[in-house]
Amino acid sequence: MEKWINSLQTKTPQEGFELAITLAQKGIQYTQPSEKIRKKLRPKYSEDAENLIASSQVIAIHFETVAAANNYWYKRG
Amino acid sequence: MEKWINSLQTKTPQEGFELAITLAQKGIQYTQPSEKIRKKLRPKYSEDAENLIASSQVIAIHFETVAAANNYWYKRG
Amino acid sequence: MEKWINSLQTKTPQEGFELAITLAQKGIQYTQPSEKIRKKLRPKYSEDAENLIASSQVIAIHFETVAAANNYWYKRG
Amino acid sequence: MEKWINSLQTKTPQEGFELAITLAQKGIQYTQPSEKIRKKLRPKYSEDAENLIASSQVIAIHFETVAAANNYWYKRG
Amino acid sequence: MEKWINSLQTKTPQEGFELAITLAQKGIQYTQPSEKIRKKLRPKYSEDAENLIASSQVIAIHFETVAAANNYWYKRG
Amino acid sequence: MEKWINSLQTKTPQEGFELAITLAQKGIQYTQPSEKIRKKLRPKYSEDAENLIASSQVIAIHFETVAAANNYWYKRG
């Protein structure tokens, strides 16, 4: 697969959260490389409450990693 | 998406818990951007025991991150 | 919501475990604020093996956070 | 509830694993205090593959906490 | 139960992964001590996609613990 | 089983992510050693939304471990 990530460091928590979303999506893309099949399954993710919560959980786990990688974007006052 | 988070640091554990809830909701909003569809699914989240527990779990994972980001709001005695 | 938590620090592991239970319940209360609906769903939590295990899992995640916040109540011998 | 835990520190990894099992069971007991109902549900836990794996997962999360609390029972060589 | 674990320290990441598998299996054995029942359930674990993924998840959580216990088998270059 | 892993250290986050995928797959291979059965189950993983999200979650947990093992590939500026 072509290069899709350079670093876990981001400038802001929001960029970190968006990176967590990318990581969650990549987990799915590696497991199901066919874009056609993924497109067909898309409504199952995004229009089903249980799957939406499960997706949010995968994002939460990746965000835990990304936040730690950025030392929680901590700024001394 | 417009800016919705500036920092993981909060003044109190309760504000940190509420930030964890926001993070859980944002994971869902990014995955399903249509407010109309999310509104339609709302009762599935909040009136189903299994989905409520699953939502509480996503909050728990984010709270783990937020609490670490705040050094557990530790106050030396 | 009114103030319901002051600190993640507790005197004993057992109090910490009970705080983890409170945190798990709060995740559900914030998601479903209606006490009436929650009461209706109560038997689904507590009389269904799958939901009981899932509830125990949310408690486990929060206990991980609370235990870290208390440095595992470590006492040097 | 009466006192059921004094410390997260154990002498050996095996005792730590068994403490993790106790913690997982306590999460269920607090959520469903009736021993009668829990006994009725027991076969659902222990004779259903999905629930057994889920129970093993709750134990895994608690073991992560207990192992950290014991600094992984690390012995310098 | 007889002694089945002495230490979380292993020589290699692969041995650590195999220890994580043992820990996941032990969680199931403690919950369902009857070998006869476990044998009957075996095909449900290993021939069902959902249960296989769930088993792999329990292994992942234990591996997180074992890897930390071994300081990630880190070797300075 | 023959040797399949030497180290958790990788040069880049992307290689680390791909190692996390390998670890998730190995968890399944150890639980179900028969390649024939795994092949039969493959479509269940990769063409079912719920299982795809669950697979992505296992990858997320392993990535958390691998990222920590690499100190998040942190480069001082």
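By written order: A, B, C, D, E and F. Residues from 1 in each chain.
Keep in mind that, in the parts below, a contact is a pair of C-beta atoms (placed from the backbone, for glycine too) under 8 Å apart; a residue touches a chain by one contact, two chains touch by 3 or more.
For clarity, every value in this text was computed on a predicted model and none was experimentally measured.
Q: What's the minimum number of touch steps needed to get from chain D to chain E?
A: Minimum number of steps from chain D to chain E: 1.
Q: Specify the angle of rotation obtained when superposing chain B on chain E by their C-alpha atoms, rounded to a multiple of 5 degrees.
A: 180
Q: If you average the CA atoms of chain C and of chain D, how far apart do the two points sit, in angstrom?
A: Using C-alpha averages as centres, the distance is 15 Å.
Q: How big is the gap, in whole Å, between where the Cα atoms of chain D centre and where those of chain F centre?
A: Going by mean C-alpha positions, chain D sits 26 Å from chain F.
Q: Whole-Å distance, chain C centre to chain F centre, using C-alpha means?
A: 31
Q: Scan chain A for residues touching two or more other chains and write them down.
A: In chain A, 45, 48, 50, 54-55, 57, 61, 64, 68 touch at least two other chains.
Q: Once the touching pairs are worked out, the chains link into a ring; list them from chain D, going toward chain E first.
A: Following the ring from chain D in the direction of chain E gives D, E, F, A, B, C.
Q: In the complex formed with chain F, which residues of chain A make contact?
A: 1, 3-9, 23-24, 26-28, 30-32, 37, 41, 44-45, 48, 50-51, 54-55, 57-58, 61-62, 64-65, 68-69
Q: Spell out the residues on chain A that touch chain B in their complex, using ranges where they run on.
A: Contact set of chain A toward chain B: 12-14, 17-18, 21, 45-50, 52-57, 59-61, 63-64, 67-68, 72-75.
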